[in-house]
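Taking it in order: structure first as structure tokens, then the write-up.
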Amino acid sequence: MIKLGIIGYGYWGPNIVRNFMEAEGATVKAVSDTRPERLKLLQSRYPAIETMTEPDALFADPEIDAVAVVTPVSTHYELAKRALQADKHVLLEKPFTETSAQGQELLNEAEKRGLVIMVDHTFVYTGAVRKIKELVESGELGDIYYYDSVRVNLGLFQHDVNVVWDLAVHDLSILEYIYPGKPVAVSATGTAHVPGSPEDVAYLTLFYDNQMISHIHVNWLSPVKVRRTLVGGSHKMVVFDDLNPSEKIKIYDKGISLSRSPESIDQVYKMLIAYRSGDMWAPRIAHSEALRVEAHHFIDCIENGTQPIASGESGLRVVRILEAASESMKNQGQPVKL
Amino acid sequence: MIKLGIIGYGYWGPNIVRNFMEAEGATVKAVSDTRPERLKLLQSRYPAIETMTEPDALFADPEIDAVAVVTPVSTHYELAKRALQADKHVLLEKPFTETSAQGQELLNEAEKRGLVIMVDHTFVYTGAVRKIKELVESGELGDIYYYDSVRVNLGLFQHDVNVVWDLAVHDLSILEYIYPGKPVAVSATGTAHVPGSPEDVAYLTLFYDNQMISHIHVNWLSPVKVRRTLVGGSHKMVVFDDLNPSEKIKIYDKGISLSRSPESIDQVYKMLIAYRSGDMWAPRIAHSEALRVEAHHFIDCIENGTQPIASGESGLRVVRILEAASESMKNQGQPVKL
Amino acid sequence: MIKLGIIGYGYWGPNIVRNFMEAEGATVKAVSDTRPERLKLLQSRYPAIETMTEPDALFADPEIDAVAVVTPVSTHYELAKRALQADKHVLLEKPFTETSAQGQELLNEAEKRGLVIMVDHTFVYTGAVRKIKELVESGELGDIYYYDSVRVNLGLFQHDVNVVWDLAVHDLSILEYIYPGKPVAVSATGTAHVPGSPEDVAYLTLFYDNQMISHIHVNWLSPVKVRRTLVGGSHKMVVFDDLNPSEKIKIYDKGISLSRSPESIDQVYKMLIAYRSGDMWAPRIAHSEALRVEAHHFIDCIENGTQPIASGESGLRVVRILEAASESMKNQGQPVKL
Amino acid sequence: MIKLGIIGYGYWGPNIVRNFMEAEGATVKAVSDTRPERLKLLQSRYPAIETMTEPDALFADPEIDAVAVVTPVSTHYELAKRALQADKHVLLEKPFTETSAQGQELLNEAEKRGLVIMVDHTFVYTGAVRKIKELVESGELGDIYYYDSVRVNLGLFQHDVNVVWDLAVHDLSILEYIYPGKPVAVSATGTAHVPGSPEDVAYLTLFYDNQMISHIHVNWLSPVKVRRTLVGGSHKMVVFDDLNPSEKIKIYDKGISLSRSPESIDQVYKMLIAYRSGDMWAPRIAHSEALRVEAHHFIDCIENGTQPIASGESGLRVVRILEAASESMKNQGQPVKL
């Protein structure tokens, strides 16, 4: 039985607590939050969980095996480091850390101590994203041409992070998971419309060392909510609409066919481009809650030494892209090498 | 009665011919196309129109007042220049010219001779785009925060132009029309997936000297067709969905409200951001064919000296942005000043 | 402080318990369910609530003021009668009773004892249905021409009731609330596709003593979920799409205009029908949970003698229509007077 | 070369003329319409076609092999009879005739003379309806449970026919084509909202001698346009949305599974109903214009004696259902045997 301590009971913390409480082989022993009213709410739901406004007792508790840090990113490094130094396995909310230097230090500490460090990239545990990975890996899509994602709505302004660190992190974590290649450069543009607030509209382009291109569009000021991702391949193409309750993934047997003209020597270099327009198919997607799958996976990593799907390394790579995007955004899209 | 000569009877030419034939105060006297089979098709529809494979006779005909050039962009400069030199008014298919130098030369020639030169930016004559301009100008949207457009589908590969020159030109012409400010820099990214073919996926960001930002996403390799533009303002926001047959324009009384906190001296600089979520309104949009409106406008410019809505100057400004975008795209988004 | 006893903790019971627990001025003292595993689940959530497999102790408890009956309809009459005889106010799950005779008896008993009896017609407490009632009452829609509702999905087969008693009851309760007239006849058609199971597809038409017509389409065997109601009026028309998360209610300024031709004596009786096509408007709808509003309303009725919106009389009228519809359905649509 | 005479050049006539003009093996020799302005329009498009305000010369012309009657239904019988008596093959606009007696007489006349008589049930020539027929015939859908169609919009009021004869005729013709069984009774309800005008909202239920049920909902007073048909089968279900430009037909591997419980003798009659929720598939549908396919089919029937898909018999069966529906509608849904 893995016993967890949870730091942070704000927006996302209740989901973490509930899923670890319901997971077989685990329980939540203590929850820390600086706000007494949040702890009061927790106690009304789970009278048996210990509560505290400072996490010291949680780190000091030898019965606690693992700590989930579900606080703003500015506190991730400090809290995760203390947890690791207290020999606890760590699950860190996304984004992993505020800087890549911090992330690297956490990885080193975890490795030195043989502890699991995992980042809460929830999307990689959804049925829809797993299905996309399956389609990419099986070759069914052919060569991957592009990943294009729109993630916009009238969102809460964050005080400590801009819209890229808040929303684009989801797409970067999905790309980490579904696509084997790693980006080599990033160009990002964006603007802040509220004086003194971070960027609320942003666009990222990721370049690879092949013809693949990724683009992520995030916006806190959109009147409509859109969560749509296109994955274009040479054989088939996928539309992932996360707001469609019944058909999240559609696979189109559409695209272009290339052939070299065989007719004459003159045309030997001429590509013939023909369009294909075929069937569409929406596979049934598993409906299990992603966080539930993730909780079981974290337990499995601790107990059996399984390699985390969203490892600390993955969290760190995403932070490196976020840093580069922020730098590029300050220079109107000037590309930054990764 | 204005008599027109039309050069080019391919994809768009038939629409030009039909609309000038049906417009009061104008008629089509001659059509030129290098392909005899296209001329044969024209003759089956309009036996009275003169046809020719070379436009020389058309330029030489003193009865022809104006020429519409509806050919690939690579031929625009040459054909328009000959038309102007033959003292014909000119309507040029978009994009205006292959280079801004060519465009400038055509403008000079037209001005010298007192001739009308107009670019076929069809969208600015649609009821939907006119409604958006009205909303921007009346101040109903407040300060304009962003223009964001997605224009993707499984499109025909062009041999002579990339997807930016083919599709983004529409959004640039709409921006020319609805927004008074002019962009000061552009960052563009994109990729070609077919060896030897031009870019088929591209993203443009336009910067202005205020908080406004424009983004245009064009793609010839999308399995689904999307034509959706968001215009975000400080008061209201617009969604323009050109594929929605009955509700093309939706106006959302949604956004953020800003106020300075009055509570304490410490907070004097702190902006309070509150969300507004109000009604949505879809005004009835006029259904008249844009090209019909445009044909009458061209006739009006010739007869009454009216200033063209989509003037040669406007066409030239769009070409300058297209040139800058192509340059930026070669350098992975490195911004180019305008 | 009103103390409630709840009978039934199956699909809907947990929502009833939660809302009365969270309502100010009320609490849940005891819950009865014949299934021990349901009571165990309740206890894990609300350790302080008393549980029992038989409701006798609940009826006998003098501290309990009111009882909510959240069980299959076949048990409504018996349980509600015992509750009333124990001098408890009663909230009955829909449909009110299995027969109109039972319903009448419950009304008589409640009236004799001066007790509140209310039916759980949840939809009438939603922001969307309240908005429709407002539009009807204000005259904004003009004369009401028709109510047309589609309520279909792949639904759970009920063993004791057919699809009419399961789903059409929602529309009948909405009609009770929004439209002042009462139907005078009903014609219903439907079929059972599973031998030994009740009808799974059905269609109801309600007739009134004016030109109004209502139609309700219910289906447990539809591959897609649809929840769409049209309300057509002589001035405006409403589309209520309960699955649209952001624009549940759309009001169309569309319809027909009638005028008598003034031109000649011969045409004095000729109506001229012209079409109007105007704006569409989607008002912001309150998002509060309907059951929460309903719980507060039930408390208000008990404490202040307020007349219930969904009174026992309303529940009984709906049962009478359901009975007539079942009879009509057995005779292939033969109309039944109400 | 089959030579046609066309009677009627109103709303639908131009489509008939165009398709027979473009069809190989046929041409239009003469067109008759009582309105000179319609003939003038025709002549501007097809100067070679003879025009006349009365069809006498058309019937008398020995060169004309076949006549298409594209006039209001009240004139169908008279015109078709004259055509047959002049030994012309006949294509009749839908609905076939005003009464079934008229329809029977036309069939007799055509049979006696060995002439082709065909009804313009256009939908049966669309790729979508052909695909549905294929799915029904191949057994892929299993037993057919229901056909449910919604065909509503803000429509033109007809003076001579009600909404059933105007719109439900489409669904009746589709059912004729895709489903082998014939209805045995019909129950219909509906109302007229404009004094002196025919019914503008109507609902039809068709009963068969098995568990199949069909329902058709037609409305000229709907603020939104809907063209959606569900075909539910025991194995799979189809949604046909005629307004969806790219995915008209969706096939759902969803439904219920039935099995008898094997556990005990007591349960031997108990059906276990389990839900299946599987993939969805949208096959590519041929885009050819239905009327073009129909024109070629009519020519083939004349030249090769092929049996018409939408034969006069089929047109007559549809008229019989329309008559029965009108009768039922007058009696508030009282079923009428067929």
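Going by the order they are written in, the chains are A, B, C and D; count residues from 1 in each one.
Keep this in mind: a residue touches a chain if its C-beta (ideal position, glycine included) is under 8 Å from a C-beta of that chain, and two chains touch if they have at least 3 such contacts.
Bear in mind that the values here come from a model prediction, so they are computed numbers and not experimental data.
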Between the pairs A-C and C-D, the one where more C-beta pairs touch: C-D
Chain separated most widely from chain D, comparing mean CA positions: A
Whole-Å gap separating chain A and chain D, where each centre is the average of the chain's CA atoms: 53
Centroid spacing, where centroids are CA-atom means, of chain C and chain D in whole angstrom: 38
Between chain A and chain C, centroid-to-centroid distance (C-alpha), Å: 43
Contacts with 2+ other chains: residues of chain C: 224, 277
Complex interface listing, chain D residues touching chain A: 247, 253, 277-284
Residues of chain C touching chain A in the complex: 47, 224-225, 246
List of chain C residues in touch with chain D within their complex: 145-146, 148, 150, 152, 154, 156-157, 185, 187, 189-197, 201, 203, 205, 207, 211-213, 215, 217, 219, 221-224, 230, 232, 234, 237-239, 252, 254-256, 258, 269-271, 273, 275, 277, 328, 331-335
